[in-house]
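Labels A, B, C, D, E and F are assigned to the chains in the order they are written; within every chain, residues are numbered from 1.
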Amino acid sequence: MSHLKGNVLPDMPWQEKPANCRMPVWRYSENPIITRDAVPNANSIFNSAVVPFGEGYAGVFRCDSRSVSMDIFAGFSKDGIHWEISAQPISFEGDPEVTKREYRYDPRVCFIEDRYYITWCNGYHGPTIGIAYTFDFKTFYQLENAFLPYNRNGVLFPRKIGEHYAMLSRPSDTGHTPFGDIFYSESPDLTFWGKHRWVMGQITGDASAWQSKKIGPGPTPIETDEGWLLIYHGVINTCNGFVYRIGCALLDLEKPWIVKARSRNYILAPQELYECVGDVPNVTFPCAVLTDAPTGRIAIYYGCADTVTGLAFTTAEELLQYMKDYPLEETT
Amino acid sequence: MSHLKGNVLPDMPWQEKPANCRMPVWRYSENPIITRDAVPNANSIFNSAVVPFGEGYAGVFRCDSRSVSMDIFAGFSKDGIHWEISAQPISFEGDPEVTKREYRYDPRVCFIEDRYYITWCNGYHGPTIGIAYTFDFKTFYQLENAFLPYNRNGVLFPRKIGEHYAMLSRPSDTGHTPFGDIFYSESPDLTFWGKHRWVMGQITGDASAWQSKKIGPGPTPIETDEGWLLIYHGVINTCNGFVYRIGCALLDLEKPWIVKARSRNYILAPQELYECVGDVPNVTFPCAVLTDAPTGRIAIYYGCADTVTGLAFTTAEELLQYMKDYPLEETT
Amino acid sequence: MSHLKGNVLPDMPWQEKPANCRMPVWRYSENPIITRDAVPNANSIFNSAVVPFGEGYAGVFRCDSRSVSMDIFAGFSKDGIHWEISAQPISFEGDPEVTKREYRYDPRVCFIEDRYYITWCNGYHGPTIGIAYTFDFKTFYQLENAFLPYNRNGVLFPRKIGEHYAMLSRPSDTGHTPFGDIFYSESPDLTFWGKHRWVMGQITGDASAWQSKKIGPGPTPIETDEGWLLIYHGVINTCNGFVYRIGCALLDLEKPWIVKARSRNYILAPQELYECVGDVPNVTFPCAVLTDAPTGRIAIYYGCADTVTGLAFTTAEELLQYMKDYPLEETT
Amino acid sequence: MSHLKGNVLPDMPWQEKPANCRMPVWRYSENPIITRDAVPNANSIFNSAVVPFGEGYAGVFRCDSRSVSMDIFAGFSKDGIHWEISAQPISFEGDPEVTKREYRYDPRVCFIEDRYYITWCNGYHGPTIGIAYTFDFKTFYQLENAFLPYNRNGVLFPRKIGEHYAMLSRPSDTGHTPFGDIFYSESPDLTFWGKHRWVMGQITGDASAWQSKKIGPGPTPIETDEGWLLIYHGVINTCNGFVYRIGCALLDLEKPWIVKARSRNYILAPQELYECVGDVPNVTFPCAVLTDAPTGRIAIYYGCADTVTGLAFTTAEELLQYMKDYPLEETT
Amino acid sequence: MSHLKGNVLPDMPWQEKPANCRMPVWRYSENPIITRDAVPNANSIFNSAVVPFGEGYAGVFRCDSRSVSMDIFAGFSKDGIHWEISAQPISFEGDPEVTKREYRYDPRVCFIEDRYYITWCNGYHGPTIGIAYTFDFKTFYQLENAFLPYNRNGVLFPRKIGEHYAMLSRPSDTGHTPFGDIFYSESPDLTFWGKHRWVMGQITGDASAWQSKKIGPGPTPIETDEGWLLIYHGVINTCNGFVYRIGCALLDLEKPWIVKARSRNYILAPQELYECVGDVPNVTFPCAVLTDAPTGRIAIYYGCADTVTGLAFTTAEELLQYMKDYPLEETT
Amino acid sequence: MSHLKGNVLPDMPWQEKPANCRMPVWRYSENPIITRDAVPNANSIFNSAVVPFGEGYAGVFRCDSRSVSMDIFAGFSKDGIHWEISAQPISFEGDPEVTKREYRYDPRVCFIEDRYYITWCNGYHGPTIGIAYTFDFKTFYQLENAFLPYNRNGVLFPRKIGEHYAMLSRPSDTGHTPFGDIFYSESPDLTFWGKHRWVMGQITGDASAWQSKKIGPGPTPIETDEGWLLIYHGVINTCNGFVYRIGCALLDLEKPWIVKARSRNYILAPQELYECVGDVPNVTFPCAVLTDAPTGRIAIYYGCADTVTGLAFTTAEELLQYMKDYPLEETT
């Protein structure tokens, strides 16, 4: 029985769980699906987002160039696995004070009502959350930045909560932020934001050390009958740097700042060579999901080592059960 | 000729400029006006804000206790110099998620339309900007926090800009933030905030090194016929720590994120013993002004060494002329 | 009514509490009692310990030389205020592996049974706790270092707890340690130490921020009918460095690792010029007490700004009452 | 001719030295012998210790869970290569103040007289050295922590030195300690510890830079006719983090704090992919040896990249000769 | 048409550009050409320099020993690919104050007029630039260190500029320097240096982030008809450490501190396993080139992961064109 | 008997040693001689240099402006105590690449042969040593910067050593350098510099901890019959920042990189309020001396707390004797 609401995508990318797999998430056998040079002059393609679009799929991709300039690019695919990514970055319509590009990275895409919203980490005298919408992934209209700097990982909910648009984000600082909690904010119009609520933070101590340094929201939250299923990243600080792993949580449907469950265990971690070796070793960073409501299938798109893009599979049931099998007692 | 708009306060605290004073700002001869133990169990009283109120003055004061807990307290004065400060911190009416106290410090007070608004650095899973209003400095109604953490020094404009309330602030991090620019934000309702605009930042290099590490807005901006007169703090990082000095800038009346002038020179700096010695040496930190429109007089209330409260005087004309005498060429 | 046990010292240094004093501890009116150059070639004399001895008093003093070499020196006094301090540092009898001097600082002195024990921060491939005893403050016999490095502030109890000697200390690192909890340890013979118990640590958050970075034991614990009265130092990290203040706690008589009460408020803090200005600004650091059981009087010897030595007064009743008036709820 | 004393283990794991091998230590051809998921829900299994036990071998293994909780697990093997590790961590009998688990990692096992002692890094308000014993690797009795925090890598000697138990350890701090010397301590009863002696420290400068940041003891010291053969880890700080390599030293039999020889060269370093890539790249960390006295064979168990467990071989003669071929002149 | 001046080396190492290669530089198919253990007792061989010599080639190689001592070694080769490297480090004739070895690393070799000059990072109370010359790669005569500490990457021009010898270098600090600009200096006699000119620095912001932390000169500049072609390294600071990539610039022939062009894109970056995994992950570090004037061929020798030595190919035309295709607008 | 060579200045500033003074240096009774606002728009005047000139004295003064811009100003005095300082900073003739001002501070002045040389910390893409000369303190001719960045405290010798000009300096980094040794360099022409020799460095450990973090040369070395008498600053790092004290050394006359004696004790340290309180607390920083050969008198000009300028007195005999009384055994 599926717990998912939303899209019906019978042909979405999928592989069955391997027989001997003890984890709730399993990798696509042909990973990485997008290599670092799938776009001319790309240094790396990772931390990218996809959605169903027309007969197939569309996406917004972080492609760092060979000058290591960070920008976001539109792409299209028939099967969600093989992608045609534009060689030119997205350009935006809008107020020049806002559209003036400093840098753009780590996009998310979220369909709400009648259009596709893009959110990303947008340079405006420091990193903040850029917002834009498109109908066709060809013309993009940029809105005001959601927040004051310094912020990263702005993730919209796929429908209004009450009467307001809603977003998760991770307030940050100007550099390689050594802290990070997830907050929830609302907006009547996607321009003015307020009613900020703390959702959850790092887990200090030994209980769940993979998320002991900082956490941040990943793909668009997935609506289930039990709550919003949030896939997020968590970071530990080892003596040789950060390790980015993936976990999940269940947020209250109407008050999403209330955490109903949270994974004590990670659900995916850097273990394959393409996740452990690259421009930033030991990073798995999820930015998008495709879901199929009837079957409960979930395909997770995640960046690997800040270099390539991977695909992994799970189901809503797997994740919900995993949080029950390995509950996190304290969420302070 | 005075450039000031606004209050008529012929009896506000005032001393004439000493004959041999070369600076545009001069200290009150009986400084500090509030000592560290003016309130029972206080460790220090500083970084506090006052406004005209009734026949005299009211204020909100940062009093750190002898447990070094940071909180804000209401007070009243007939002359603006001798203050009766409550022995109990302010308590707020409002949504418990918001009024739940972590810590409160560095208040500002601003009269808009029909009431007094208080803004301060409010602990909510990190420092952010708390907002409340009062009619009588007895009952205080707290609104939503303006921004996501991490932020300090939220300063309201005394009237709407266009159709929106407007605030200056300094996005920060979780600790002793080693960076800091001033941003401008708007709100239709004091709950949802957006249209964030960068105003000005640190001055790197030698041109104006007293503000080379970070800056932040101080008292409520003062409306003049030439623009908003902003008094702010600037910080340099010496090999023995931060020095907090005071400068001024002139912001466009209708688009206050446009800087029309800015002081290359500081206007006040820690030089007296009560400014150089205390819990945090070498700090002068302005949080409030009183102004008298007909004469152009300005009285600045400023914290000294994070320990006591000082008073200093100037006029609009002095400051406007000083920025012309010592213009800052580049404001990037 | 006095709560104190132990010495009867009717002539110990004393001044009555000033009429308007709101604090539980008040300074000697002629502070500092020992200036920085009371010993030839001394740069500073501070963080020192005294005990009743014969008709008067003896002590061990930290005198940093004008080469800023740290060593400890014996001294004698008739009244506890005017001191004759040796011009030569103490030399120790004992195993050369242990007596070989690297550096010595922050001594404490404690009479147990038949002799005076000295403990201090002793350089042995890092700071650890040196122990020695003397009968006459002329010949000193050094024992094994109590612990492995890195440790500071070893403070003996004035009698055995159960069948063992007992010591408080603060495990540290090799530098200006940014952490520090108080631990309790026991020894059957003052050579082998074990049964280590955590006593108390920093108070994070706003509740008692003066002790939010680290704490360490100060003078020999004072036995009262309610428990061991411990005077200790607590440190906050401001943007311009550490501030060392003084607090107190009450430890269980038989299980001294159990904290029965602890001061939320500090009892003394750097506020006088000789405490705020010196080689290390803003330090008050207690190392010794004299007590008079019948009256409950306590005289505290404390280092000021790592430069000179001050004296302050209180009573057992004052401190016990103060902890009741300002209780610290959480001691985690 | 063998120099070893102690166990006769003709069937211990062994492979002959490859013909073209220039190093004194060579890897097992089927490394790693324990993969990261050899235990259900394990994230990684490494830094573990084994001993001869009954007809085969027993061991204590560090298994970090998929919540990245660090704990230690018992295991058994017939051949020392293929291991059955319990799915449940060890639980300890003893004083609840001591057995209360914060975290446990990096175990060592040492047989003394009639039982097996386990030492490990034990969380007790900071890392210190936990001690326990077992007769059967099923029931474990925990003793008092050996030292005050902060300490890591407590390694017992396999017999008393003089009349006392003896331990090597590495005093540390609360985090990713950037310093570390090896010290020696004694105890009459495994509860109270003292007579601390410095053994050796980092080698600054270029002479032996692989051990220029910190060092720590590894497996139980091996008794030879020339002294105690100590295998230890040494760390260099590169611009991309720490590299943990393995070296050896020879300690005096009766005064083990006297270093008779020390390897200028490392004897094993991260070079294979499973040593260079993993949760913490570039770590080889030895925790146990098996030895066969008649042949002088030594099998070293070592953690790889904080992820898996490797096995390597050498002989006492190889190591003793290597220290003669590449002597370290200065050991300060 | 070739732009190169200088050597004619028809038999220099060379492979044609692969058909599908989009980069201006391509790797030798048999990389790495020098493994970490090509010299007995070597830990790693990398960051090394070669020149044409006699019928073949000679070189100076950085070989870190298995004690991780850093030194430089002479070697010879017939084909530039297979090398015979001496087992003993170079010893130098000269003033003992200068020849006294602390450490030596990252050599460059440059033929000027009648002899081969070696420059390297030379320990003399901190890193500075050592200079020596040889006629035969057997006897080496060391001159005065070029500069005061702290400096790295001294690279001579292959002919005088005007009447002076000329050198590029990167002033540094004592550790893992987090900054670094390229400067130009002149000398009449290779002993006294002056006329220091800033050439270029890091590129802050997003424009060319691979060189946003520091840069330093690589091989001997290559004379072309358009200017000096400089191949250099650039470094970004990721949350998991530095990544060293390779870029190029064109310097004015007569005033080489004037940058005529500079690569916005890197020309080579760590992407192969031997570049990403090793003692210092993610390092490609160029130290030498061979060139053939008639064909314009360039062979680049570069260190990989501070562990092995790689070889890559390009042409002058490729690099000059690449800077035109991807121009860097701002070079401040 | 005087040991001094050089100037005869019977009227130079002087006060006899106070009767009870135990130190070899004593302060002028009217200190500070130059207050922070002796020049219009000055924030502070300190770290300045004077020389005999004509009938009186001339000097170059560091005056930080009220924008905290650092620059150097010429001044004149009849008695060496009361100064007329120009309101305009010095402007320099010379190559625009060199004279282009970034910032200028901490000047020294040295008469050699026929003119006065000024050296100072000169901003040129980082701090380095600027050099200029003047005949009249009105027109100044700037030469090439002596060294590559990063350097501070360039101090010329008052005559050639052998055939070369000679300079002491302290190589540094880009910020508040936490290290610093004194080096010696030579030049045939004041343009090209080389033959760099290490002179002396910090004293680690307890022997002379006031100079345990960094040292740097102060005034022009004073020629005596026993060697060059060098007055220098030494710095310790306390938990509340750096303390700058003053010491002296004796350098070999012909090989000034050979240290013949060095003060274990400091000769002056921040103890007066104007030395302990100011923009940078706890700084005494010597930049100039006046000497009278017949009497051996020395007047030291030193900056106080980076705010004002002080004057102190000693004699050559005092300093030479003090180094004998308190010899520093190890000078490594």
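Criterion: a residue touches a chain if its C-beta (ideal position, glycine included) is under 8 Å from a C-beta of that chain, and two chains touch if they have at least 3 such contacts.
Worth saying up front: this structure is predicted, and the values here are computed from it rather than measured.
Distance between Cα centroids is largest for the pairing of chain D with B.
Separating the CA-averaged centres of chain A and chain B is a span of 39 Å.
Note: centroid distance chain A to chain F, computed from Cα atoms, is 59 Å. Averaging C-alpha coordinates per chain places the centre of chain B 54 Å away from that of chain E.
Shared interface positions of chain D, defined as residues touching 2 or more other chains, are 240-241, 277, 281-282. Under the contact rule stated at the top, the pairs of chains that touch are A-B, A-D, A-E, B-C, B-F, C-D, C-F, D-E, E-F.
Against chain A, the residues of chain E that register as touching in their complex are 22-23, 205-210, 212, 236-241, 243, 264-266, 269-271, 273, 276-277, 281-282, 326, 328.
Against chain C, the residues of chain D that register as touching in their complex are 97, 124-126, 128, 144-151, 169, 171, 173-174, 177, 179, 181, 183, 185-189, 191-198, 201.
Residues of chain C touching chain F in their complex: 36-37, 40-41, 43, 65-70, 102-103, 123, 176, 240-242, 277-283, 306.
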